[in-house]
Amino acid sequence: MNSSRPSQRRPDQLRNIQFTRHYTKHAEGSVLVECGDTMVICTASIVEKVPAFLKGKNQGWLTAEYGMLPRSTGSRMDREAARGKQSGRTQEIQRLIGRSLRAAVDLDKLGERTLHIDCDVIQADGGTRTASITGAFVAVHDAIGTLLERGLLTESPIRDFVAAISVGIYQGVPVLDLDYLEDSDCDTDMNVVMTGRGSFVEVQGTAEGATFSRTEMDALLDLASQGIQQLTVAQKTALGI
Amino acid sequence: MNSSRPSQRRPDQLRNIQFTRHYTKHAEGSVLVECGDTMVICTASIVEKVPAFLKGKNQGWLTAEYGMLPRSTGSRMDREAARGKQSGRTQEIQRLIGRSLRAAVDLDKLGERTLHIDCDVIQADGGTRTASITGAFVAVHDAIGTLLERGLLTESPIRDFVAAISVGIYQGVPVLDLDYLEDSDCDTDMNVVMTGRGSFVEVQGTAEGATFSRTEMDALLDLASQGIQQLTVAQKTALGI
Amino acid sequence: MNSSRPSQRRPDQLRNIQFTRHYTKHAEGSVLVECGDTMVICTASIVEKVPAFLKGKNQGWLTAEYGMLPRSTGSRMDREAARGKQSGRTQEIQRLIGRSLRAAVDLDKLGERTLHIDCDVIQADGGTRTASITGAFVAVHDAIGTLLERGLLTESPIRDFVAAISVGIYQGVPVLDLDYLEDSDCDTDMNVVMTGRGSFVEVQGTAEGATFSRTEMDALLDLASQGIQQLTVAQKTALGI
Amino acid sequence: MNSSRPSQRRPDQLRNIQFTRHYTKHAEGSVLVECGDTMVICTASIVEKVPAFLKGKNQGWLTAEYGMLPRSTGSRMDREAARGKQSGRTQEIQRLIGRSLRAAVDLDKLGERTLHIDCDVIQADGGTRTASITGAFVAVHDAIGTLLERGLLTESPIRDFVAAISVGIYQGVPVLDLDYLEDSDCDTDMNVVMTGRGSFVEVQGTAEGATFSRTEMDALLDLASQGIQQLTVAQKTALGI
Amino acid sequence: MNSSRPSQRRPDQLRNIQFTRHYTKHAEGSVLVECGDTMVICTASIVEKVPAFLKGKNQGWLTAEYGMLPRSTGSRMDREAARGKQSGRTQEIQRLIGRSLRAAVDLDKLGERTLHIDCDVIQADGGTRTASITGAFVAVHDAIGTLLERGLLTESPIRDFVAAISVGIYQGVPVLDLDYLEDSDCDTDMNVVMTGRGSFVEVQGTAEGATFSRTEMDALLDLASQGIQQLTVAQKTALGI
Amino acid sequence: MNSSRPSQRRPDQLRNIQFTRHYTKHAEGSVLVECGDTMVICTASIVEKVPAFLKGKNQGWLTAEYGMLPRSTGSRMDREAARGKQSGRTQEIQRLIGRSLRAAVDLDKLGERTLHIDCDVIQADGGTRTASITGAFVAVHDAIGTLLERGLLTESPIRDFVAAISVGIYQGVPVLDLDYLEDSDCDTDMNVVMTGRGSFVEVQGTAEGATFSRTEMDALLDLASQGIQQLTVAQKTALGI
């Protein structure tokens, strides 16, 4: 099939993905992830306390926040700090990032501490939430590495790799890893989060324009699985594993 | 298989569903929906204007808000109006309700007006967001009926029925229509929104505890499809269609 | 005198009042009160702690919150949770409800716990604040009953019944229990809260249009006293006392 | 009867009241009112526009805001601007001030402009809301005077004088004009707003501790009427009328 | 040089300054400061606790808040408590007042208590932030005096006097103590805070229109130093030192 | 004099400064500025409208916002968007950035459009506000270049270069360009903003611990002037001018 994608990619072709570890110096894990033109700084901070509802339970926590620089997008957005609240979209995304990464970490083995993830989009070109998850996993891995090095943990609480990708139906064709042009013009958009071993953590599919059939759903899940296998390999390469 | 469900329901058995139309007198569409012990008042209000971004485009809009009465739940929750903001969960749900119902209505045929949906949970026992969607569709249908009766529309903009249901894996078994006891103790929870003709509008699956396989995913989608067919029949019966 | 009231009621005639106890299943006291077309869900929740300023004083507390569903009224109102704050009117009403019910309960005999009252208006047709007080008293009575049954209290802290009613001067005539049509067109509006034994808890009279004379004030207080006697009887009947 | 009042005043004795007109230089009406040790700056500002709901109706508006300096009281209160919201008490008071003064002014004769009243308590010793109303009336009178002088109005829209006073039952005795010591220790507290001609604008009575009988209510209204007559005289003297 | 100043003052001439101590009765230090037509109530409240970050450090704290009455200015400003937040300008000013006065007080000698400063502008005619600092110092001195009298301190923690003044370049001429007319029309505006012994606490110079040279800067600093010497004398006179 | 600076820099030695232009692809001007380890993304966005107060005045506007990524610092800070408000420090800094850059641009020549500056700190090591100004000037220059290229302006509205630097007294010695270690331990801290031609735009000096003399002030201003000359050269080199 000839590609009709604006980027000339094949339907099942990921954008180039790149991880720059230790991107900033303060965070225990700090990764700049680039998926095509989408750039997100993902940091994992170790905070030596847990939320009130977990106190004394000998268990850790992981939570995530997400933001976009006002001019990470084509036209300037309002700054959420200036508007005085986070949008519904922002909250939805940061809840998704948090749930996805908690699936990767055995909180019982983390000790009474919190991994605080921050995903800040520097440049947006579609797929910022999935890039955030994929990049934040690498940052979490580095932060855990720091805890192991410092002897604060003796065993890694990481259960499995986690990565995320979008799939969608663009001009009638199921495609992998939507960029902004595709995302703003597709009928169905699905974000899939999976483990390195290939099981599902989250599936969020939305009919933007036309509704989608079970056959289309199956094709999208196939594409996503294959894409996430590649992302897991890229994460391992970046981590030197 | 013997049912292990707290309610003694079969794995593929819906809770009893009931629609009370014209529940309150002011709204153009007003429905009390009861799914087992979950009770939601769904109203559809016609507002004769559209948001700024649609002005002059000869097109309508549909938006939704969701809330829970503070003591709709087992222990009293804070009132969001008193706390001064809606939680991330609330925003996520009301965005979902809005998207789901927009899939049911051809906004180009609605005229420059807004259907404002309010879903207020009076009593919660699991599945409040899916009950909201299923009930709100009936309220929308009634509100559209009002517009047709008043001669403000000559053709119904409703494209298809829309209903929603939850499915999940409870004690290793895929089950339909989780109640609170199941919901708080299941491994995977998926909310599915479909049209009356059987295509997908939204699929939101989350691994709460263990991740889920493709096989499990398929079983859940099968259960959901079958449940939504029954809900569509119940909606039609309630509407006398 | 021929009645000029839109509802054809006599000047001293209450609307029909009805209490549905145990309306929802979670709250210790849950009452749907209907005064004519005004419908309010009143719940009383027992919370086993007191505000900071009462800690260690061996004394209980009672507090109230009030809300209206956005489409409880003729045209849709903004949702306060979405706007991010409660209006001055809402705060005024919930402070009034709290003060009124605190007059009915001996807080010294309640133990270190809080009765949290929620009054949520499902359908509004005038008199929502007085219906809230009258209905919430029944919910409080049921919640106290629960505490007695569970052996958490050995003696009821209820000092007296409390009920509330509005009176006003409509087209020159003092009338009892204003509905929405009267309320929006009257010169003077007074809300009166009294005990079952006939003493005053609150009197709030406002000249909306014309000011009012001492003679008119006396007539309004007479009407209110008589109306509240009837409401007390209705409360007792509902409670089976 | 021997006075048991901390201030040694007779039960029917007002505190000393004093109006300093033209207290600050910018406002069209600016009055420092002192009732005993209670000091309030009342300004009336003319703003040449009306709220949206009155636009084009050839009618004016009057609105009021109220605040207390953080250390106007015995122990420092939080600054409402710093906390980010006005308390329920503040909102209740400023709504009362606005309603009371709107009763004094014929808004149809004011022209399409707003009288914006600000009452700021410099020093509090009980009765700040009633002092605010009594003082703000003088400021309104001065602001109207400015409009007449400037030829912006040819006829005064003032219908009548308005003043306010508190009454209460202190140690079993009905007393006039409660100071802080009495206010914090009385059983019943009532704020009464009346016109110069002696009719009621607002009556707000609250049983703080014990409920009150109709006889007590009558005694309180008598005291209030007499006190407000004196306040009206004081207002007239201050205005040189 | 002939004065071009609207007030006819010489370039190096301060406005008349006046301190009314014990202006309100509740605060431990309460000063009405008047600089020409600018009037600010400055109170210093002793609060017997410290912020969390200082607990157990055997050290005191001083913090300040600033506000303007809505009609302290020529046209009415929005009330910050009603808008729900303090402006950036307000926050900047209150941070400046706090820092300036902390330079005057040895917090190690204050004991574990907080001096809470409130500066509320009653009437504004330029220089409200500098008048606030100059007046608040006197209030702090009085509050410290109270602590000494009550035997809560045996030694004064005051290290030096602190006062503040504005200087600017008005119509090409460096002038001292800008009033509103000058302030709104000058090229450069500088606020200078100095100790009684003549060293700098804060210098904040801003080119409003044209930038300024080093020579101009030197002239402004000279003017400010001389003005502050006079203010220190006035403070000492007011305090009877 | 031997350097006592933690970085071993001479007292008058700037940190290495580097500008990466066109850092992100969407903004009309986008610069990553690095001053030692301090990294700030500065973008200048052209928005084709002006604030309400400038409408129809044939004049442009420039405004600035500032933020820090939560983990740009040694320990994680709260995200301002999540807390729901910008701190006083943030507001102070963004007001400073805006004023400083407005001094560089002739707003009368900009046309009715706004330059919206965003300075987001990626990594903080002292001097983030001065680096923001210095970097944002380059971004503004690029954005103006875009307007000239597109023919939307025919003449550059840039009046002069603007750059900023901090100076302070560290261990008794006046030093240039404080890093975090110096900043958190110095007695006096001054931020100076100057034009390329050497005149002052802003001077903000604060005695953190000890107050400072006129002699010290003069030494600091000398250091700052010399540092800003070097920064201007670096800006010109980066811009290829």
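Labels for the chains are A, B, C, D, E and F, by order of writing; each one numbers its residues from 1.
Operating definition for what follows: a contact is a pair of C-beta atoms (placed from the backbone, for glycine too) under 8 Å apart; a residue touches a chain by one contact, two chains touch by 3 or more.
Note that the structure is a prediction, hence the values are computed from the model and not measured.
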item: Neighbouring chains common to subunit D and subunit E, by label; value: none
item: Chain whose average C-alpha position is farthest from subunit F's own; value: C
item: Mean-CA-position distance for subunit F and subunit B (Å); value: 51
item: CA centroid of subunit B to CA centroid of subunit C, Å; value: 33
item: Per-residue overlap in subunit E, given as positions that touch at least 2 other chains; value: 84-85
item: Pairwise touch network: line, ring, star, complete, or other; value: ring
item: Complex contact set, residues of subunit F against subunit A; value: 24-27, 30, 37, 39, 41, 43, 45, 47, 65, 67, 69-74, 76, 79-82, 84-86, 90, 116, 118, 120, 122-124
item: Touching residues on subunit A, where the partner in the complex is subunit B; value: 85, 88-89, 91-92, 94-95, 99, 103, 160, 190, 194-195, 199-207, 211-214, 217, 221, 225
